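Chain lettering (A, B, C and D) follows the sequence in which the chains are written, and residue indices restart at 1 in each chain.
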Amino acid sequence: MLQVGKTYDPLLKRPFCIFKREGNVIQFVYRIRGKGTRLLSNCKKGDIIQAIGPLGNSYPAPKKDFIAVAGGIGIASLFPLLERFKNKAFLFYGARTKNELVMINKAKSLAKKIFTTTDDGSIGQKGLITDVLNDFLENRTMPVYAGGPMPMLQKVSDIVAGRGIECYASLEEHMACGVGACLGCVVKTVSGYKRVCKEGPVFPIEEIVW
Amino acid sequence: MELTVNIGRLKLKNPVMTASGTFGYGEEYSEFVDLNKLGAIVVKGLSITPREGNPAPRIIETPAGMLNAIGLQNIGVKTFIKEKLPFLKKFKIPVIVNFFGDSIEEYVKAAEGLSKADGVDALEMNISCPNKQAGWIVFGTDPKVAFEVVNAVRKATDLTLIVKLSPNVTDIALMAKVAEDAGADAVSLINTITGMAIDIRTRRPKLANITGGLSGPAIKPIAVRMVYEAYRAVNIPIIGMGGIMNSEDAIEFMIAGATAVAVGTANFVNPSVTLDIIKGIESFMGKGGIMDVKNLVGGLRC
Amino acid sequence: MELTVNIGRLKLKNPVMTASGTFGYGEEYSEFVDLNKLGAIVVKGLSITPREGNPAPRIIETPAGMLNAIGLQNIGVKTFIKEKLPFLKKFKIPVIVNFFGDSIEEYVKAAEGLSKADGVDALEMNISCPNKQAGWIVFGTDPKVAFEVVNAVRKATDLTLIVKLSPNVTDIALMAKVAEDAGADAVSLINTITGMAIDIRTRRPKLANITGGLSGPAIKPIAVRMVYEAYRAVNIPIIGMGGIMNSEDAIEFMIAGATAVAVGTANFVNPSVTLDIIKGIESFMGKGGIMDVKNLVGGLRC
Amino acid sequence: MLQVGKTYDPLLKRPFCIFKREGNVIQFVYRIRGKGTRLLSNCKKGDIIQAIGPLGNSYPAPKKDFIAVAGGIGIASLFPLLERFKNKAFLFYGARTKNELVMINKAKSLAKKIFTTTDDGSIGQKGLITDVLNDFLENRTMPVYAGGPMPMLQKVSDIVAGRGIECYASLEEHMACGVGACLGCVVKTVSGYKRVCKEGPVFPIEEIVW
């Protein structure tokens, strides 16, 4: 969770994935979405912002080749996996338009194979990445790792359902504390509400009640 | 320098505590805060039986504030005593347990259950909860009903009893007086102020629960005013809260009449803010030659 | 695209008006705003006799808001009619005059005086004022007293009568209903929420008047909630206000149930904000294919 | 009045004197006082901030030599006068400490004569500038122009009282609208409350009720 401003508006820290960590340097990749991320983007070299983390869990390590499904900036959650398991991932990466497929070249170099779609067809195939995934899966049973907006994750969930595929999704929910104290960031699971910041953000996809 | 204050039979080593629902059951923040340094810890509100709470989204940021509609999710009195209290007992600070019910009976049962447990030092009853019997009208907004429920709990427990008042009332001084008359050892205020936010594109409420409770710096001026009004109405100590972000805010509440303060939303912004506030109060006292923190209480000059 | 809305017998060319006390008598902002573009103008609250108002400081900024304690300073009904109304009459928009009193008699006298004047299109009665007879308890917080004063004014004027509600109450829906029952043609809400701020170094209130009224974005979630509650209780139109800073906020109030909105504190931040809001509503309607702004009113989907 | 931030905290514009205006360029001189001025000081070249003005009145032009009394950043209100009437001012300039005597050299070059004091004696005479003024005035009846904190202005008022000296003070009060609409910025005068933003900020000192 990163502080985005110095006054009380915006008030709360914002949750981000740790994109990369090398020695004392931690990198984040984010999309400017609303006023918090806009303010964050105004930070100058040398500015000090408060941060807490790492928080919550992360994707379990895949034991073999795997499928990574990224929707837009959801790629941020998958990058550490792609880097750690080079050339093992079939990466399905969709976004609304060309320049929202951030770091596409870097991603390409890390993946075994990459499939891309955009809603407007400005690059890659036109359409939804989940449709491409669905075609690809057929009888394959590789584990699936998915990060992106809720509607995409729900489609992934539908696709893998009942096929005996191991599948993990990294969820996003509004957060206040980030440490499991406020119960603000819950997602409904088969065993009741769970906190995205503490028991998540990664959940076995079949546990989630949509 | 004297930092201790008394709330009922509790002696706090300093006037800074955590606000219920913003500090979990203590454990969650123990990585960031040496709990032993706090005046007291107030845990998330408990009911006699566990509650699932509301669907998401439960939280929405607002200008200088936030709305929450957690829906009083909690593990219930029994599980709390079994699973959370042992951790809290390890610390040398008072554990204040916040609780609620949706009927007088449930309040009494929760109070009784908690009073029997070893390690609970005081009770804070949240009366900002809808009353099943009275058509889901909030206990804390009707003076008669408030008296009744506080009085019933008073009879059910020997522990120090703090009544947490709802700010959604016309006359907070009256409600404070009612709590005092019904046997409360202290009042705490303010709980969150009911608010809502709408997504204009979907035309749906931003919170799944439609309305939620507003907290944070946005409400501080209202909270300080209510503490000031309550202070002139009652003789029992007041625990002040609502938008406290730093030691200056805490001192402002004390000058308005609070014997102790509770820090809520600020924990989310800075997880070790409670310790900063304690240090800040000490340094303010040092600079101002204030020997006893109690000298700040109600020190407003009009 | 249809932007007109009706409030009592007033027809507004768009739903955006100014909030009383934040736009002076219109003149002050006429350099920044083409007044003819506004839905209506609401002037600073008047009383039958002029008032001096409170000593300074009258204004204190708070997180995302401000406290004011102007003390209802005004030039009085007579001087207003003589010196300010001629200027306002030149514009082709409804002039709504906000007024108050500290007794029912004063309310009635002010209403009568204003009703006789040529150029006053509607009255907005501010009932958030202390009642001299009832021990300075605010008219707008007791349903019985509120009914009485509104009813008395209703009998004294044929003009469209808007009752401006105090948010410092337990049940805003009840107060809106009382206003409707007493003959109001519309209600406007919310007025400012009572708050205070203390200078911890001098231990004095930051406002000379001790307490003041909180306005601005900080209170928007509370105001939206109150409009939503009032909307479900009454059949007369609601004028929504409290922290509206832009067209999205204005639309939020309309979806919650407001037929029109008033912009207050935002004028201080951006003197031509009202025009930006009107444009913003139009463009929102354009993008969403909304042909009539009235279709937004109360359009909340729960 | 200048906007100081882009979010709702701080909310209100802040009032400042126009220090200098040349063509399209307007200059302000300000002291970092609280969170608004601090934020303002973070502005980068090219940043856009909203401003309204000029607002209210200004000092009436002196017809002969005059006395200017400045307390700290109150100097900002007097600079335009010093520039317009070069070598006509006896400038009395006090501050708490050396580096709060901003633009002292510039001021010196514009004044006929300059007297300085600091509370801590770090430069100039140690003490209050009003004491030096008092000694200097004796039987002189030059007009006095004063800008600075209220306690200083009040002392100036006491000093000139009953001596037939023309004296103007530039007042500061908390402001919201800046255009005379909110009635927030009043000062008590012999003819009732007046708005600092509209009827002021400059008032004949004898009109003010302290």
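The working rule: a contact is a pair of C-beta atoms (placed from the backbone, for glycine too) under 8 Å apart; a residue touches a chain by one contact, two chains touch by 3 or more.
As the structure is a prediction and not an experimental result, all values here were calculated from the model.
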Intersection of contact partners for subunit C and subunit D: A, B
Pair joined by the larger number of C-beta contacts - A-C, A-B: A-B
Could you find the chain whose CA centre sits the greatest distance from that of subunit C? A
From the mean C-alpha coordinate of subunit B to that of subunit C, what's the distance rounded to whole Å? 34
Approximately how many whole Å separate the CA-defined centres of subunit B and subunit D? 46
Gap in Å, rounded to a whole number, between the CA centres of subunit B and subunit A: 36
Going by the contact rule already set, what residues in subunit C reach two or more other chains? 63-65, 216-218
If I count partner chains per residue in subunit A, which residues reach a count of at least 2? 7-10
Classify the inter-chain contact topology: is it line, ring, star, complete, or other? complete
Hey, which residues of subunit D end up touching subunit B in the complex? 7-9
Parts of subunit B lying in touch with subunit D, wherever the complex brings them together: 63-64, 217
Inside the complex, what are the residues of subunit A that reach subunit B? 3, 8-13, 50, 52, 173-188, 192-193, 198
Once bound in the complex, which stretches of subunit A touch subunit D? 5-10, 35, 39
Can you name the residues of subunit C that touch subunit D in the complex? 21-24, 28-29, 31-32, 44, 52-53, 55-61, 63-66, 68, 70, 73, 216-218, 245, 265, 267-271
